[in-house]
């Protein structure tokens, strides 16, 4: 267990800049998830920490040691790969012990004890004599975890360890991972491109895009107070709707004005500067609903597609040339072509700068609290 | 456009029975989705209809013709494969016309006209001189659709045509497919293992498991009135919670009794026979909620895992030795270990036979209406 | 020939469709097609096997003069022919030499190539591509291009007329390095990186991970190398001049030479031919799965 | 990389190494002699079979080049000069004891191997070519088996009768080897090359501007064209014999060394065989050229080794050995004493087929024509003649054109070698 | 993107590469370079070397015989390549199309891969022998006079057939593997579209497996030039009248029958350059015509 600090770390592959000068502090014992679209540099960041890639620039520290140029085997990290990277010709037990034996730092009894402990925790005692080919996806995953565990490393690094599993198993393993971390409390950095995983597993979530860190935050806070349009659209499914609006001001009242609607904006930071200009109004699908009656913040739209999801009916609507989605009650009798009145939950609105994509305003019940977590990220 | 009828169709691959005597009627112009877990026989069924596999037993009819032994090319079906099966060395145009030219049933002008029409609809006019390698996933998909369209077949068969696309594109193509079907109204059979796709695309959804058809129904009806435990658990995410209960009767009042809860069951068909016995109580996560107050149908449970999903907080709870999931308000301050009071929406309960898995009772607001659709399935 | 047959087949199908046949006709046609394919393939296969079949039959006869198909009945001299070839004419010696040569080359090549492939795939060092090209380029230097100087060189090194002369020059193999490289590249990089994170050394990695994971391919390339070596003719012919060291391929013509003062003993020659064919054929049949797998890799 | 006497060492220090080209039963007979030699002298000797004369030659040249040499090697008389040109062989005369009766060798034989008055190699297995014929087939075709053909014209007409009568597919066969061309020349009293076939200096040309060549090739072409000649292939000794023994041709020209094999082969195939002199071009007969091989010895070996080799050569040349060898193979005995003894024993009377070759040899005049060509580029000239012969008899080129091509090709080879 | 290159110790790399490098240098590169050097000498076994400059090359350039051998070899290799690939493609396609029992046919077809060329030569010499060959009488009954010991073109054809026959197995192995890798769905699409078998082979399979075909063209070319030596040696010895005197046999004869090592080396060099150019040309062509995925 140790903390990990990246300072101004940059990684170029001949021509391609995969990681663009990022700073990141991961406190001792934290479970940090790194999420972002494909090719955004998640894996590269992880591999930099593992020492499998050498940073072009910047320093990496573990504990108080600068490990920037240190060989992977001397960093005391353990890595779990997407495909588990189990040696197919070795039994589970050999897989688990192979690395320890190579390192030569462990006595035989120690190895035995460690294996016994780890396999007990992971509940794979019975499987130790099987080869990976004879194990199910979840079992393989646990063997891979076991291999990492026995080494009792300072840091666990995991690169999309669940992405090869089917949906049900993925959910199950997610829970197990969380439980394991609860027990061992080893600093863990977990890379995924799946936002659900990122949100449900991480104490802190790092959102990356295009080699840069976009935001580091706790899951719910990230969802509620996205700092950029990218984060707003990336986190949440269906994605946050974005409507082009003008911000008008009438005394202390602000409104987001579209061609066919006017939506009142609760007072808050940033509105004053935004007023009179254009902005993107961010509305999460769950903040929109089909209105029984029409009030000030409601407006009419045409349904273009209906998709029954079982627990709800997903509506795609159009007003003017703006399209957006929302959930309706599952058994609502709406058909494409119908016109419906929609109402907006005004406590959950966001405004973004159309040019820079930065958040201007969050109509949250409360303003975002000061980030008190020890995790810090400078853009 | 034609209707397709499968009667008692069975397919064995040396030893493995992939499809176990299924009956299925697909009416002219319908869009039918076939969904089920991996290996349940979906693809085999589709390939039987296409003629790519020969049925071990049973008959397949199209229109009024028995086509059981007819060669694929004489069935007038078009198939879109998961990997699109585009000829990698031919341009998009050649890909589209190659089959028509080979068949020799079309004149050159006809081919030209068909291609022009189809590509206009699919918006791929500009791409016709590129090879598949130079097209994006979505474009390839459209070329594959184009190839099927120009042949103007009686039936479209699609085997997971979207599963190679990334999430955003998949959603977009889903909408386009629905639109296309709206225009051409060609009988379409669409195989997928993704329940969301199945529900949102199909007029009728066929749920398969282990070579058998479990249920054929409209999407919402399937969700609301699953005929088997398998369908109940397969459709819906997170899956329907299943709690082992005893059914007790007190006059005309029925209750589902668990070790730590008693839940009243609204009157309905099937309760009488179930009374006094054991059953599985099916409760969808959205039918459970954290109660403000406690009433008759509420009970206490311990939270084991909390997973912030952004738009809601997923709780995993335990009562006695039964586990289940529900959604809570996103910013609810619940921690693992907390005890909460839960309340059940009693209009949405289901009972299943613990042995056979068949549905015994649905506490629906209305009993399932008589299936009036021309689709029919006999188990 | 084949093409026109297929065309005829398709045309017939077309006609039957035009005539509006019933479903059962169509099924039958489908089955007829498969049957036709089987008949065609069986014929072709038979033609391909025929020459060796004849050789095998001749090797069972006494004189071995077979001037018409009627003479093709198997003779009763199989045992005596093979005994005479192997023991009487000491063909076993050539076979043994070939075998020793082939096994030595296979083992040596395998070791040398494994080490080279290990470096080429798993090491980072400057001019790596140049080194790889240097190895690949040897494909363009078959024995015939260099056998005159090679002949002088081996004699100068004092290896002339020894087992070394027909083994050592074969030890470097672009093909083997190439196949192994392709295979190693197909092993997930994460396995290597795991080893790296664990601090596993290169030789341990080679022995404990690469070799066991490449079993099929190693068997496959071994068969390829064995067949290649076993079939060498020109070089042993040139460099080996001691009868007792000669290999089976050349020994075959010695069998023919044995008869140069009298009649050619064709049955003896065919006996030798069959004997010479047997070892590589046995390997091919035994390890065809691995061989096919390896060939598939080579294509990539 | 040329040889230097100083660095010569034997292939096998412990035993004499003898490279030879005697396959089959001939090889077995040879082994018997060597066994006898070992038991009589206590000198170890190891026979190594080299497939063919060409094989022995190649390996010998390479051995002389590298300095690791066999002690004795059997060189086809055709390649004698090529080996001498290496300057790395010791004249065997120097190894024989002073009282060894060199005069007892048949003069037709020694005259070939004696160069500039020195016996350079030890003659051992010598033969000439004769005509074998199928008596049974002759009878069937109505030909007199007791008067075999003697001239080309007779051979042609006999062949024609045999084929016309449907007795055999072809009349005559023989392997396409330069030796037979040499025979036709010498029988006709012509040298193939100038400078007395190379015995009187370096030859520069091939004698094709004569009746011998034209008659030969016109006849050969006609024979082939009419299907009277069955072509077994280049240097295809075995195939030719097979063709004869399987009754596809009623006549065969091949070495006298094949007598034993052909006799038993004929018996197996159920016909009676006989032999006769090599046919003449037009009736005049000078005599055959010598064929077969002799033993050569490398120079530079230590004296004691040379003594052992001397013993070996003497052993192989002594009358008893020659008689064993002759009886076992059909090569004629080359010691006068041996011949006399065989006569006395009645061997030739009992085995008239063995006598033919011998008579053919002894009845020959000893002229430059009956000395086989002695040239350095023998292999080149040989293959050139053989290759061109195919073109000539198959009619691919006309006789005049072909002969002039042949002449210039041979001249090129000679010129290149001697320049 | 992960990488395989995890070791960086250059010394280790050097040591591990050493065996390959030494053997390559000593037995492959050095002799090749020496062959080039030797080609400027008149060198013969046991007779000493004399520097003659470009004389050997001049002699080659002036030799119609050699020119003929070059053309012959090119023709021979071309026929081998075309012949073997046509046959192998048909065979592989037949096997590919068969539904049950593929494996058996496959083994029965690929075994000639293991066939030693010397055996191929001897067996063909025997069965096609003009005098005693088993099929000779039947072919002669068709009115063709089998006479390939004397008839050049016939000899060429017979050696060619033997060479093609021996190489079928090797080609079938690759083609079968390549055909097996064509996604099944392409076949099925073609089936649904009613594309005929021949069309499917020529229009769909051949373009898709073209990289394999290119590879085979190259391998078969090498085989045609070098791999058929034993057959020529055993069947025709380059004859009759040079009709099968392909470069490799000619080279062998020059070196080990005539012992003209210098001249032979010049021939090696020409052969090396010729085959190098040919392969380069084939690579260029393949770049233009073969479909390499993506």
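Here the chain labels run A, B, C, D and E in written order, and each chain numbers its own residues starting at 1.
Keep this in mind: a contact is a pair of C-beta atoms (placed from the backbone, for glycine too) under 8 Å apart; a residue touches a chain by one contact, two chains touch by 3 or more.
By chain, with names taken from UniProt: A, B = ABC-type D-xylose/L-arabinose transporter; C = Carbohydrate ABC transporter permease; E = sn-glycerol-3-phosphate transport system permease protein UgpA.
Treat the numbers as computed from the prediction; the structure is a model and nothing was measured.
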Fewest hops from chain B to chain D - one hop per pair of touching chains: 2
Fewest touching-chain hops separating chain C from chain E: 1
Chain whose mean Cα position lies farthest from chain B: D
Between A-C and C-D, the pair joined by more C-beta contacts: C-D
Innermost chain, where centres are averages of C-alpha coordinates: C
Distance between chain centroids, defined by C-alpha means - chain B, chain E (Å): 56
Distance between the centres, which are taken as Cα means, of chain D and chain A, whole angstrom: 94
Separation of chain B from chain C, taking each centre as the mean of its C-alpha atoms, in whole Å: 53
Residues of chain C touching at least two other chains: 65, 67, 151-152, 188, 190, 193, 195-196, 238, 250, 253, 256, 266
Junction residues of chain E - those touching two or more other chains: 2-3, 6, 132, 196, 256
Multi-chain contact sites of chain A, meaning residues that touch two or more partners: 52
Parts of chain C lying in touch with chain A, wherever the complex brings them together: 188, 190-191, 193-201, 204, 208-209, 212-213, 215
Chain E partner contacts - residues on chain C that touch it in the complex: 1-3, 6-7, 9-10, 34, 37-38, 40-42, 44-45, 48-49, 51-52, 54-55, 58, 65-69, 71-72, 111-113, 115-116, 118-119, 121-125, 131, 134-135, 138, 140-153, 168-169, 171-172, 177, 184-185, 187-190, 192-193, 195-196, 202, 227, 230-231, 233-234, 238, 248-250, 252-253, 256, 266, 269-270, 273, 276-277, 280-281, 283-285, 288, 291-292, 295-296, 299
In the complex, chain A residues that touch chain B: 38, 166-167, 171, 174-175, 178, 195-196, 199-200, 219-220, 222-224, 235-236, 284-286, 305, 307-311, 314, 316, 330-331
In the complex with chain D, residue positions of chain E that touch it: 45-49, 129-132, 147, 149-152, 236-242, 253, 256-259
Parts of chain C lying in touch with chain D, wherever the complex brings them together: 63, 65, 67, 151-152, 155-156, 160, 238, 241-244, 250, 253-254, 256-264, 266
